[in-house]
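Labels run A, B and C following the written order; every chain starts at residue 1.
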Amino acid sequence: MALRAALRSKCGLPGLLSQLSSHSSHARVCVSPVLVAQQRNNSTTPKVKVEFDQSTGVAVMHMQSPPVNSLSLDFLTEFCINVEKLEMDKTCRGLIITSSQPKVFSARLDIMEMYGKSPERCGEFWRAVQEMWLKLYSSDMVTIAAINGSSPAGGCLMSLTCDYRIMADNPRYSIGLNETQLGIVAPFWFKDTMVNTVGHRTTELALELGLLYSPSEALKVGLVDLLVPEDEVLTTATKTMTKWLAIPDHARQITKSMMRKPTIDKLTSKREADIQNFVSFITKDSIQKSLRMYLEMLKKRRG
Amino acid sequence: MALRAALRSKCGLPGLLSQLSSHSSHARVCVSPVLVAQQRNNSTTPKVKVEFDQSTGVAVMHMQSPPVNSLSLDFLTEFCINVEKLEMDKTCRGLIITSSQPKVFSARLDIMEMYGKSPERCGEFWRAVQEMWLKLYSSDMVTIAAINGSSPAGGCLMSLTCDYRIMADNPRYSIGLNETQLGIVAPFWFKDTMVNTVGHRTTELALELGLLYSPSEALKVGLVDLLVPEDEVLTTATKTMTKWLAIPDHARQITKSMMRKPTIDKLTSKREADIQNFVSFITKDSIQKSLRMYLEMLKKRRG
Amino acid sequence: MALRAALRSKCGLPGLLSQLSSHSSHARVCVSPVLVAQQRNNSTTPKVKVEFDQSTGVAVMHMQSPPVNSLSLDFLTEFCINVEKLEMDKTCRGLIITSSQPKVFSARLDIMEMYGKSPERCGEFWRAVQEMWLKLYSSDMVTIAAINGSSPAGGCLMSLTCDYRIMADNPRYSIGLNETQLGIVAPFWFKDTMVNTVGHRTTELALELGLLYSPSEALKVGLVDLLVPEDEVLTTATKTMTKWLAIPDHARQITKSMMRKPTIDKLTSKREADIQNFVSFITKDSIQKSLRMYLEMLKKRRG
């Protein structure tokens, strides 16, 4: 079943390329790092818009970094500052994360942050990815991912940190940690977060094959909790939040910490080593060559 | 799905109160600590009745502590003495636990043991709860929970320690570790036992929301193993026991120990710290105030 | 559900005996150690036949040790040598394991290796079982079990080490770690492998009861990944392998190692103690007596 998902998936490297050329209206929505590069020059616009309703204590964070909310250093920095602000505001009890970009919740880590950059810069980027995960996975707020589009790799990781995941029931969208398909490896804390959500075997299969799941497959394996029509994702998230906020905060927060602390402590204690691992892996000639070929092939296809 | 269970659940604090006033015939059977307090003066009657059939090697333990078999210090002490007796009797190979009280298997920990008591007394109570868990979770006997009524909180914990759980298929009954809904927190060994049964994610969701599951929902997530009509719970448990006793005891016991020892060792090594944690949490002014308000609201509703 | 599987199972000791006498055409295919002993004198024929297709990089290993591919010391030695050869051949990227024997993939550990043997010999045997597991569970190759027959005990363990399990959809076949039914105990690393595949609770139930699952039950609990008609097992394995080999080897291998290393390290660090445990258990008078009675009963039935 899960394998069939992988086989059908169009979001691996070859599939991605074929989609860019075929413009198939039924293809899943995948993400091109070239597009990211071309449209990243609008740095004056905030990449994240926060609407906080003091009457309900719920903030909605709209990711609006065109075209696909990929996780660049700038994006992550702005994202984390906003999460921290809300975390420190004791009147804010719940956070809904959603996307303002069409067809995508959040794409993968921004490949441009990994290609042709200095080790120092790569390390700084990786620390920001860790920070995003640490802030969300340990948040005292109720966190709900309102997944209104595709959510591969880093987008999936972000979703997995939340307390609850509601996804648009659109078969063109997909979600999963598909790093392996690009020749890179999901680090141990991506893996731990996924094991905590869907168990060891589903994670093994998903990560070895770099599986992207359709919404219904993701629901079946437990990668998301609820599917709703696309235009009801945010309203359902809001209704769901109301139910979560009926639970006493203190007891819920202690419980959440009890469930997640061992996983969080593991990264915290190995954070510097994890950065070193990432930097030495990503700056390898072979990996840089892969990334360059990948980017060049994308350019060529679009040329 | 699990969330929907939570939302539909009527056994949180507000739901419990509304049930006491509405007397809805379709409400799930929940448990009032006031009732417990009012009816606890029949202390001369044994709180546990044991029927041991030497021809089969199977003991049936009927919990008969009116009205709802809540886990008081007296109840736990009597319960543990009886389990220990059976454990030491090498002719006893199987134990079925069931309830003589209508509509309830066993309710939560007795709130009266946690309200207005000295730290010493609270510590003594908590040690007895640990003892019940340790005795059952490590039992060499085959243990089957014949869950013929609602089984929230402590009752759910007791069920989870057994080798097999058979529940009455009555949608008015519910089962779950719903501590969070009352503002208290299931300790790590409640959590570990539940993770061992239904996995990490289902446990996270259940404990953060204090979910109570209907029998069919409990079966779906694996919280119970089998549903049967209410009047067949005990006979099915007896038949099931026969099948379990066909397995060579020694190999089964070693296997059971292998599966459970790490979880048991964890509490054993942290037992005193866990008691201290409980005592300092439960004797906090804020928690005592919550419990008092809870009890007063119940009285008022019934006044 | 799983319990019903156990109850229906005909492959426990009594069931096995009744099958030998009844020749029921609907009985599951179980394995007699006496047959193994009687037919083990064809030691000149290789017990394993390897077909390696250099154009695809895929090797198919046919187990052909009559009658039931039971795991004897000779078989394991030959098996491990062949796996190691393929592992060291960098042109070999995928390994499919299947059986040339009718109705059985691989039966249990060879009981004749455990009965009436010296402690030294028992220890040598156990080290070979460990070696098989270590080699397969840590293999850099993509490994697929093409389970074209029953696969109890050791055969199930071998299947569990693979990356993917495809089983013949024939209700006469069964799969499971059923050691407990014979009065012996699956060691911790059998247990760990099963927990990694189907989770803690399913493993607890399966190992305590020595459950053998029908193919459809095995699929339901996740013990196998795919069922196909019996004559399509190998062709489906080959097609599936093509899909796995589309994933970049290096990223897949690092990911596989990340998922499995803790479990492998655990046996590696306790290997000698595990051998000692096995030897002292299996050479016990009581266990030897059980094995003798078992073998004698089988002879008598067939006499």
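FYI, a contact is a pair of C-beta atoms (placed from the backbone, for glycine too) under 8 Å apart; a residue touches a chain by one contact, two chains touch by 3 or more.
In UniProt terms, the chains line up like this: A, B, C = Enoyl-CoA delta isomerase 1, mitochondrial.
As the structure is a prediction and not an experimental result, all values here were calculated from the model.
K.L.:
For the sequence-identical pair chain B and chain C, what is the superposition rotation angle on Cα atoms, to the nearest 5 degrees?
P.N.:
Resulting rotation angle: about 120 degrees.
K.L.:
For the two copies chain C and chain A, is the contact made of the same residues on each side, with over half of the numbers shared, or of different residues?
P.N.:
Different, since most residue numbers here occur in only one copy.
K.L.:
Indicate the whole-number Å distance between the mean C-alpha point of chain A and the mean C-alpha point of chain C.
P.N.:
39
K.L.:
Check each residue of chain C and list the ones that touch at least two other chains.
P.N.:
199
K.L.:
Give the list of chain B residues in touch with chain C in this complex.
P.N.:
Spelled out, the residues of chain B in touch with chain C are 163-164, 195-199, 222, 225-226, 240, 243-244, 246-248, 250-252, 254-256, 258-260.
K.L.:
Which bits of chain C are touching chain B when the two form their complex?
P.N.:
Where chain C meets chain B, its residues are 1-3, 6-7, 12, 14, 179-186, 188, 191, 199-201, 203-205, 207-210.
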